[in-house]
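Both complexes shown next keep chain A, but they swap its partner, so chain B is in the first and chain C is in the second.
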Partner chain A sequence: MATVKFIAKRILYAAFGLFALSVFMFTISRILPGDPARMALGPRAPEWVVEQLREQLHLNDPIFKQYIIWLRDAVRGDFGESLYTRRPVMEDIKEFLPATTQLVMLAALIQISFGILLGIIAGRRRNSWIDNVTRVFAYIGVATPAFAVAILLLLLFGFVFDLLPTTGQLSMGMARPPVVTNMVLLDSLIAGNFPAFFDNLKHMILPAFSVCLAGMAQLTRITRVTIGENLRKEYIFASRGFGVPEWRIAFKYLLKPSLIPPVSLLGMQIGALFSNAFLVELVFNWPGFSRYGVNVMLRKDLNAITAVALVMGVIYITMNLLVDLGVGALDPRVRLGERNA
Partner chain B sequence: MTQEHDLLRITDLQVDFNTFEGCLHVLDRVSITARMGEKVGLVGESGCGKSTLGRCIVRRVRPVAGEIIFWSERLNNVEDIVSVTDSIWKQLRKQIQMIFQEPGAAINPVFTVGDQLRAAIRFSAPTHIGKSQIQRRAIELLQEVQLSDPERIMSSYPFQLSGGMQQRICIAMALGVQPSLLIADEPTTALDVTIQEQILRLFNDLVSYHRTAVIFITHNLGVVREIADRVYVMYAGQVMESATTDELFENPMHPYTRGLISAVPKLTGGGIIEGIPGHIPSYLDPPTGCRFCTRCPDVVPKCDEVRPPIGSINASHEVACFLYGGEAS
Partner chain C sequence: MKKTICIMTACLMVVVLGLALHGEELRVLRMSQSWPTRIDPHIGNDGSSRTAYVNLFDSLVYPDKNSQPQPHVATNWDATEDGLTYTFYLRDDVRFHDGTPLTAKDVKYSMDRLLTMGEGFAFLFSGKIESTNVVDDYTVRFNLQSAYGPFLLSLIRLYIVNSELAIANTKAEGPYGENGDYGRAFLQMNDSGSGPYYVKEFRLEEELVMGKNEDYFIPIPEEAPDEFRLIGTTQPAVVRTMIAKRELEITDAWQAYDALVNMAKQEGVELVATATGAPFVVMMHTRRPPLDDIHVRRALCYAFDYDVVREEIVPGAPAMIGPVPLTTSGAIQIDRYPHERNLELAREELKKSKYYGKLDQYTLTAIFSQGVMTQEHAALLLQANAAEIGIKVQPKVTPWMTVLEMTADIDAAADMQITFVTPALPEAGIAFLGRNHSSGAKTYTQNEWLLDPVLDKMIEDALATLDQEDRFVQYAVIQEYITDRTPTINMCENIRRYAYQAGYVDWPLDELPQPLFSYTFAGRFFKVYPEKKATL
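Moving on, here comes the complex of A and B:
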């Protein structure tokens, strides 16, 4: 019962977060100085044409009504027209978001699996050579900005060793598989086009590592600390005393309590993954959403900016909801509510 | 030979901790024994090394000298004498269970009580036992420690239970393994006084019933008197005196023991009780002789130079003090 209540509560929080975000984004887009209709039509358009567009965009209605109309459209996926490309913002999102999604998903996968694995190894063998190696790696990873990592990797693996491709999603001459999800990786898999699949994967290695290196380093460090701490806890000692096999202790009694802090950290890192992607996509010329976001911001394309921020917000809030539920699944004190510690 | 019946025999155990400030000489030639089913009390102030001694037995702390013999197997590696192999230790390890001061410490916070209790039963059993049998045994154990509604307790997480209940569960888990030696490290200190009494009585009844040998580590003389058959009095990493419980309280011989006993507040006595003046010496550079010499009311000049030999007063009473003979050599 308490578990159901916990899940319901978290979903409610997430929904409220989304609502607040939409109000915020809408308000910003409307209170900024400048008349959107005039901005769209340019300074030379006659006043009656501008007035017509104003009416069409509901700009003469009270702001509350405007919000309702905007929200109704936004829920249907209609964020209006880009003031620059003159096509629906949703079309742009459909084109650019999948590339970033697959990049960030691969980055997250690398980050989680390597980060936690390295953390476990380092935590179990404190002060061994492998712990020292991961320590140095972690310091470098945390201290180096993602775009610097991107440029370094690009120079090193792209030019010095010439091992991996450095720009775009596919090699020259490689045909793009038919569009289904617009994620090249997934589309090539659906089409059964394995050369394209591996080619796309190869293109993703450098950007994905650049995006996730810092987060991976943080995750390694925190996992190492919690594993090391829990290893010395009396309850692990007691489990050994009961004769519980060592692998069972490692994967059950040690891992579960040790994963709570890293998983909580993950919620905070999702935002970092996307913001890292902003610059890394520029470096690797990756036709993604983050790069699109930077471009629309530079052009003050208001409708597009609102949509980009909102989509990012939806992703961030959804991921955080998942992380919250994950922490709840790991930690009964969170799930069932702590009465007395 | 009585030694043949010793379950645990520790001789001249020495433990040093290396810290940034230097080497701490935590235990100095400590010798204790525990026979099968015997309840041994280990008394001393906080920081006298009694917990460290307990940790040595379960190999959490490695001594630099001396030996620990359990079931006539060596548990520690000292110099060129090699201890038991890992596979034998794995078997022996279950024979020694520990109960800790912090009631929740031995229970994993993110698993249900039932999960851990069943694991204790399942993996300590010499042969494979079925699920229903494990469940039955788990309920039995919880009833043994007088927890009502065992099914509900089993599906609870530790944080949903009180300290007293958690400590009962720790006792249930430890006994579920059917150890031959139970090390209880201040198991009631962190509990309310009223709960302390209940847990203590329960603990005492259960270990007597199961004939489990106990090393009961405490700073509380009253508790020792209630539980132990025999008592070792420790001070600053040295054993000062050992005797059967009755003998010790009737006829305390070592100045430290006498001070300790007179420092217990009495209901009938008025006024603030007299403590022992002074502090425990630094472990960095303790006196080479008797470590109590800095606070002892009956100190003689050679005390801080020469360690007084352990002298037998009678078959069950030993004391390490120059007041009772033993010439400096």
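Moving on, here comes the complex of A and C:
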């Protein structure tokens, strides 16, 4: 019951947050300089056509009225038409979001596995050569922007060593599986098309590493610190004193409390993976939601900009909710704290 | 035993043959492009969409290598003497990709749709077409509101869609009254053409894959690409990598010159330039002091260093000697239009100006588009050159949206605007409409704000002249008239550069209409040799 109340409270906060975000993005997108109708139709379109589109977009109405109309449609799942693709924004979301989601899922998997593993190793062998190597890796990872990593990886593994594909989702000539989820990886599995599955996986390696490198570096550092701190706790010494095997100490008594800060960080980081994907998708010609976001922003595509921001907001909020639940499961103090509050 | 051997041999032959066929490499032509590419020919007119249209659709007439209209879907035509009625007779063997014959009703539907929607190339016909009538299955008639000389040339951009298919997929609700959405939702994602290539796959944000139309009414050579792919990226690192791995046959036009030169160092890769008919100009606001004085404008023209532009900023670009690029039909060379740097003449002009001695009171803002390096370099050159004759110029990087907004208002417009203006069709009269006629003011194509009723009348009269020779004579007079006003610094004619895989791709550029952008990318004229690729 307490958990249900906890989730309900979070969802209520999230709804307020999304409402505020929609007002903010709606206003910002409409007060930026430039006429979106003219932008969409080009400089040579006759004025009457531009005016017709302005009317269609309600751009001649007061901004408050525009927002009410937008909100009324949005709650019905209609975000209007994109001026960039010239089709309903909802269709664009359905097509592009799955491609980014599968990319981010792989990136998150790589980030969590490698980040935590490297953190544990570095934490248990503080000041050893391996700790120093992970430290350098972490500094470089945090300091280098994702798009720069993307270009570097592309040139290194795509051009110099010619090991991995550099653009798109599938190689030329590879049969595309029938669309079920719009995630090529999943669709190829459903269709039993394993060549497409592995080909798609190969196409994802470079973008996924580019997207997650910064997060992985942060995760490595945080895990290292918490592992290091917990290693010096008395209960660990006591466990050793009682002769508990080292692997049992590591996985049962050390890992769980050490994962609380990294898991808290993950909520923000997985949201950030979507943001990192913005330029990485452009570099790798990955037809995803983040690339779509960049393009609609450059073209002042009002409806799409607001929808992209909202979807990103929902992702951030959902991830944070899941992380809160995850931290609660790892640390009873959090659950009890919520209950007593 | 013999029988078994025979069967086994036959099986082996089948397997070998199968493997051989399987191993035969597809002839593929891949080109990087700036996205979005449209496949509805009545809503887009940007570069990548035009490339798609040229390959997916047919038009009544098709340009020859001099960009002049020649019979295509229309075998012949006639026009009334007053130029108000044109009748076109169509071939009866042209079929859309779904097998439906292309008839006069498709032509009428396409013109009506284009005009009603008002987008894409509609501006070429808007206000000029009174009505379109179907005379019979293979005869169509256009009734014009007034005589229009470049009408035939304009028809190159009327791409014919499959009306049956479009009507069957039209949504009742839409912004076009009884025509609902005019098939828009369907046509922007689905093939509706009859061209030499059909839509094989179209993935927004990723690529357009076009397959060769084996049933095309004009035989396509066997060596022509089986597949033509427009890949939605212009990222320099990606393009460089793809060219190096021979996964891309032609680059887009947006790669930096240095990058293209580097690509061309690879064996089998060559650098080519194509004419655009687009002047690279500094537009001077002739309604604002001190640029309202022709002597100040001429002084700036003489102070400008054209050689630096043609040698370093747009290397290899042809000079512009007159108001219109010489690759445009009807353009003439006017030597007295300032096109060479001469500081002495520049100072003499300044002395004749009413602002002489007062120029330090003015700082002229020169805007250029954000992210366009050639424009930025030209702006800095202009600043340095103008300073030599005592005129202060302040370059200002401006987002494209803001440029569009500024040029829509005579008061908000910048003192100077540095840009390229690509004409929709390579004829001087069409170029005048954007660059010099009052209807072109309030758009990015004209920051000079000429607003000259005499010039407007001259342009309108010339465009209404049906005889091409007479029309071109009038164009010449107009160019002299513009020269007398010198509203623009014509830096050069812009060129587009591409790196391409000359080692295994034959691109007959000299036989294709160059200034008519996108016809140089008609896939059926290319030849791709996979066997040569294998040897590189």
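We adopt the following convention: the second predicted complex is superposed on the first by the 259 of 341 C-alpha atoms of A that agree within 3 Å, B and C clash if a C-alpha of one lies under 4 Å from a C-alpha of the other, contacts with A are read in each partner's own complex, and residues count from 1 in each chain.
Convention: a residue touches a chain if its C-beta (ideal position, glycine included) is under 8 Å from a C-beta of that chain, and two chains touch if they have at least 3 such contacts.
Small disclaimer: the values here were computed from a predicted structure and weren't measured.
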Mind working out whether A:V75 is in touch with chain B, chain C, both or neither, as first, second, both or neither? neither
With both complexes overlaid on chain A, does A:K233 touch chain B (first), chain C (second), both or neither? first
With the two complexes superposed on chain A, say which partner A:V244 touches: chain B (first), chain C (second), both, or neither. first
So, does A:L330 touch the first partner chain B, the second partner chain C, both, or neither? first
Which partner reaches more residues of chain A, chain B or chain C? C
Under the stated touch criterion, which partner chain does A:T166 make contact with: chain B (first), chain C (second), both, or neither? second
Return first, second, both or neither, reflecting whether A:P257 touches chain B, chain C, both chains, or no partner chain. first
Given the complex, residues on chain A that touch chain C span 33-35, 38-39, 41-46, 48-49, 52, 56, 84-87, 92, 95-96, 151, 154-155, 158-159, 162, 166-169, 172-173, 176, 282-285, 287-288, 291-292, 295, 300
Would you mind writing out the residues of chain A in touch with chain B in their complex? 233-245, 252-253, 256-257, 260, 330-333, 336, 338-341
Which residues of chain B touch chain A in their complex? 58, 60, 90, 93-94, 96-98, 100, 102, 105-111, 116, 119-120, 123-124, 157, 159-160, 162, 173, 177
Seen from chain C, its contact residues with chain A in the complex are 26, 28, 35-36, 38, 43, 45-46, 117-119, 122-123, 126, 175, 184-185, 188-189, 201, 203-207, 229, 231-233, 235, 237-238, 240-242, 244-245, 247, 399, 401-402, 404-405, 408, 424, 434, 443-445
